[in-house]
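The structures come next, written out as structure tokens.
One chain, chain A, links the two complexes that follow: it is found with chain B in the first and with chain C in the second.
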Partner chain A sequence: MKFNKIFHKTVLVVLVIYLLLPLAATLIFSIAGKWDHTLLPESITFKWYGELFSDERFYQALLRSLFLILVTVAISNIIMLPTIFIVAVYFRRFERILQAVAMLPYGIPPIVGAVGLIKVYSSGPLQISGTPWLLVGAYFVITMPYMYQGIRNSLQTINAQELVSAAELLGATKFQAFQKIVVPNILSGIFVSTLLSIALLFGEFVLANLLVGGRFETIQIYLYQKLNKSGHTASAIVITYYVIILLLTWIILELKKRPMQFQSVFGKRKQLILVGEKTEGFLKGEHK
Partner chain B sequence: MRKLKKQKLFLLVLLLPFVLLVISFEFWPLFAMILNSFLADDGKTPSMIQYFTVFHSSYYLQAVQNSVLISLFSSVVSIIIAIITAYSITRFSRKIQDRMLMITNMTSNFEGIPLAFSYIILLGSNGLFTLLFAELGLDLFAEFNLYSWSGLILVYIYFQIPLAIMLLYPAYKGIQKQWMEAASLLGATNVRFWLHIGIPYLLPSIVGTLSILFANAMGAYATAYALVGNNYNLLSLQIASLVASDVALKPQLGSALGVLLAVTMLAAMWINNRMMRRIRRDLS
Partner chain C sequence: MSYLMIDQVTKRYQQQTVLNKISLSLRQGEFATLLGQSGCGKSTLLRSIAGLVDIDEGAIHVDGKNITNMEPRNREIGMVFQSYALFPNMTVFDNIAFGLKMKKKKNIKNRVQRMIEMMDLIGKEDSYPHQLSGGQQQRVALARSLILEPKVLLLDEPLSALDAKIRRNLQLELKKIQREFQITTIFVTHDQEEAMTMSDTIYIMNEGSIVQSGIPSEIYTSPVNSFVAKFIGNYNVLQMDQFQKMIQTEELAIEGQEVAIRPEVIDLVEITADVSNIEEKWIVQGTVQDVSMIGNVIRYEMNVNGILVKVDYLHSHEHFFKQGENLHLIIPKSECIVF
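Right after this comes the complex of A and B.
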């Protein structure tokens, strides 16, 4: 028993070190002054961050990324929300088709998606090749599985169909039922899938590089350009980028924990939530 | 009655923007790629020449082989590590479990260009470890080259492990305390419990996770691109350079490779789906 405990502890410690080591190295590298042939840097400096934050190109790239992301998630929300709602409540026979359509991009890697997008938009009637609008369209598609899952699960949890018929029975119009009853109730679910999409798009490189490249330099492209120039500045970018991602992930995890009580009240199907599960495993009991 | 019909029609009209976007950015490009893969180099004559080229060129077969090998190897190593670590995680208190999942979740976001960069800092030609080991006179990394097969494998394993743990952990939580109690009441030892109940129960999850990991590695592009540029013969890198590089554009051939990659990925996803149905009956 004692041996077991030591074993599991060792496993966890090694895992944490292994996972965090590259990050820690990047962090130290980004604040290192002179650093060669020693275990830890000889001096610490913030000048790489200073350089980064005074670089106009960095802000431009960040702004471009933000622009792309915000436009995409806005369009995605405005279009996906009513679509999924209408199909779930009024056209249940389309549900399977919608699911297949929405989940398909999950199985198609961006590198494959890029092939077709280049083919279709490099020539032809729509001249959006090389513009951010092509990226917005492509990003709409790659975030679709996450938006679909989030919105659909939320609609199921609140039992949207019954809610709407109840509201209509009480004299509300369809639109009122949607806007006043359904949307407020699934807001946190939408928020989670939106944040998830933002985090995904923030780290997106493949499509940005292949479809638009240097013509619309996003934060990932900027980082790639800097890789070969200054290691220290690049590590400052990586850390800045990662802090933003961490913040997003943290908010997502916190939000995901919450709707659990709500779910058990309604007793509907449990979502496949990795963190914040309420079930007590036997393993924990045995451990005591 | 007529009003109801009108309403339904109006609702259908509201679905139009979605249909339009999905057609223009999902189905049309996919369809164009498939169509393109059945054309000769001139982009007009229908032909099977692209697939013929792929299956008769040792170069492109090598790319497929490299991709499959790197994906298979990194997935198998990661799943073995995940089987052990996910189990270890479940042996700790709720609080530590949550914290560990937080760490895996957060490191799972660490991929692509930033990840490749971190590894360059650690193990690149002027990397911290590279220099440190050279200083200490350790030959451990003398043969190691980050910008090659072994380097790619190392980085692939790194980004697969958090994902593998996150996917496997819920399966461990599905093993009920009562099962173990019942088994031990009936006289089963710990080893026999795992042999006859635990592992068979986990098996679909393991196979399903493995297929997801495989697909994940097959489609990976950014990490490899940042490390080796177009200098290493991988399927995803080949596709990119055939459709979007400055030299030697061969979109039809790129499309054929793209179709092959998509088919592999969809097959992996299909396996995962089948396996998930075996454990979660509520899905079917």
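Right after this comes the complex of A and C.
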């Protein structure tokens, strides 16, 4: 028993160190002055942040990223939410097909996907190659697995069909039932899906670089450019947008608390941690 | 004139007929029960009355109006689901007010408050469904439906998830509310005892058809076939050759193939007792093979010429026989039902 407890704690500590170390290193590097032959920097300076925050390009890139993400997530919610609901409640037999479609993005390497998209949308009736709209479309696709899983899982925890039936017998239309009963009850799932998508898209580089590149500089492309010039500035960017994601997560979870009093606070904490880990994962991947 | 009339309703899923030309009618204020095993079509019938299932043939009339093809929300039918289907994101007050809001009724606050008082839910207005007990949830589900003054109330096994004691209390409560509101009600259950205690009329369903209907006592004492006999009580249902082997008589042979005898009509007397003056009854010898206690009832499993027969007795000390005892069984001829 005792050994087990110690073992569990050790694993946990190692895991936390493993996850936090790159982040801590990035943070230190972003505030390091002279750092040649010592373990820790000899002096601390905020000049990298100063440079970053006085760079107009940084704000522009950040705004572009936010714009892309918000548009994508909005479209994704508007399309996926009713689709998943309708399939789960009224067309059970299509559920497997929807699941397969939603998982498809995992199977396609981003480079292959990007080249295909450029080819298809360079000619024909819809010539949006090189515009951010193509990127929105591609982002919609890559967030699909997250949206699908999160929403479907929370739909399964409520008896959606019966709730809709009950609402209908009480005089509601199907749409009213969806809007007033189903959506409020799966809000947590929608939030988690949305947050995961946001975190994923914030760190997305390959598609953005290939599809629009310098023509629509997102935060990741900006980071890439800076990486070649100064490691310190790049670190400052990473830390900054990590803080932004953290803030965003916190705000949304705080907002969520209000209409969902019936859910325990504990449930929300867990989700916060989950999102946090996910974000770190993306950051680490990006930082290599 | 019947208030709710179901006429030749048929429903098929692919090749399978789930409801086969079902007809039944209820007068206003009647409490009818659809009784049957799971998969017999009783819930499907309930859902087609509510409009949640489209029927293939037949018609449903309520209060003289044909509602067969109406949307559920226009049917003026209330339903309490097995899971209650209370809206988890709404308080008790909002759950009860939901229907009135959807129908854009006036005076919502007062009406909901009155309903909350009637249903004994005072103090629970701001609670969420998961904070309520099973009984309170049931009352909210009922209140939510009743506040719209539906013409028919449908209850889909609302008590089946609860344990025996609470269940008995809620049965009484449900019945009380039904009487108070004088509402025409169809109740679905697979529990024959529940059906017996609550209903004015019982419809027994099997494989998509109504097998027998009638008042509870009639159904209990004169089942029309062996299915009903087995389902409704603990009838001893014997094949004719088994029966003949047991009684050693040919008397009923021409009347049918099966004989059903209720366990509580059979009398047990000691082998030494004088049985020579008894008329219109069969007397046979048997051994007590097994004794089991079912609360207030003692059930003896008797072995009579190799045939096993159940005999029920009220739990009282004067009749207590032990395993292996040899006894006379006295079976009234009039209580043997032949199919």
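Operating definition for what follows: the second predicted complex is superposed on the first by the 222 of 288 C-alpha atoms of A that agree within 3 Å, B and C clash if a C-alpha of one lies under 4 Å from a C-alpha of the other, contacts with A are read in each partner's own complex, and residues count from 1 in each chain.
Rule of thumb we're sticking to: a residue touches a chain if its C-beta (ideal position, glycine included) is under 8 Å from a C-beta of that chain, and two chains touch if they have at least 3 such contacts.
Here the structure is a predicted model, which means the values were calculated and not measured.
When the two complexes are overlaid on their common chain A, residue A:Gly171 makes contact with chain C while staying clear of chain B. Of the two partner chains placed by superposition, only chain C is touched by A:Leu163; chain B is not.
Shared-chain residue A:Ile97: touches no atom of chain B or chain C. Of the two partner chains placed around the shared chain by superposition, chain B is the only one that A:Leu246 touches, whereas chain C remains out of contact.
In the superposition on chain A, A:Ile44 makes contact with neither chain B nor chain C. Ranking chain B and chain C by residues of chain A touched puts B first. In the superposed model, A:Ala74 lies in contact with neither chain B nor chain C. Contacts of A:Val13 after superposition: neither chain B nor chain C is touched. In the superposition on chain A, the residues of chain A contacted by chain B and by chain C do not overlap at all. The residues of chain B lying in touch with chain A in their complex are 7-8, 11-12, 14-15, 17-18, 21-22, 24-26, 28-33, 36, 84-85, 88-94, 96-98, 100-107, 109-115, 117-122, 128, 131-132, 135, 158, 161-162, 166, 169-170, 172-173, 175-181, 215, 218-222, 225-226, 236, 239-240, 243-244, 251, 254-255, 258, 261-262, 265-266, 269, 282. Interface residues of chain A facing chain B in the complex, by the touch rule stated above, are 4-5, 7-8, 11-12, 15-16, 18-23, 25-26, 29, 36-37, 39, 75, 79-80, 82-83, 86-87, 90-91, 101, 104-121, 126, 137-138, 140-141, 144, 174, 199, 203, 205-206, 209-210, 220, 223-224, 227, 231, 234-235, 238, 241-242, 245-246, 249-250, 253, 269, 272, 274-277, 279-287. Partner chain A is touched in their complex by these residues of chain C: 50-52, 71-73, 75, 77-79, 81, 83, 85, 87-89, 98-99, 102-103, 128, 130, 144-145, 148.
Residue ranges of chain A in contact with chain C, taken from their complex: 158-159, 162-163, 165-173, 176, 181, 184-185, 259-262.
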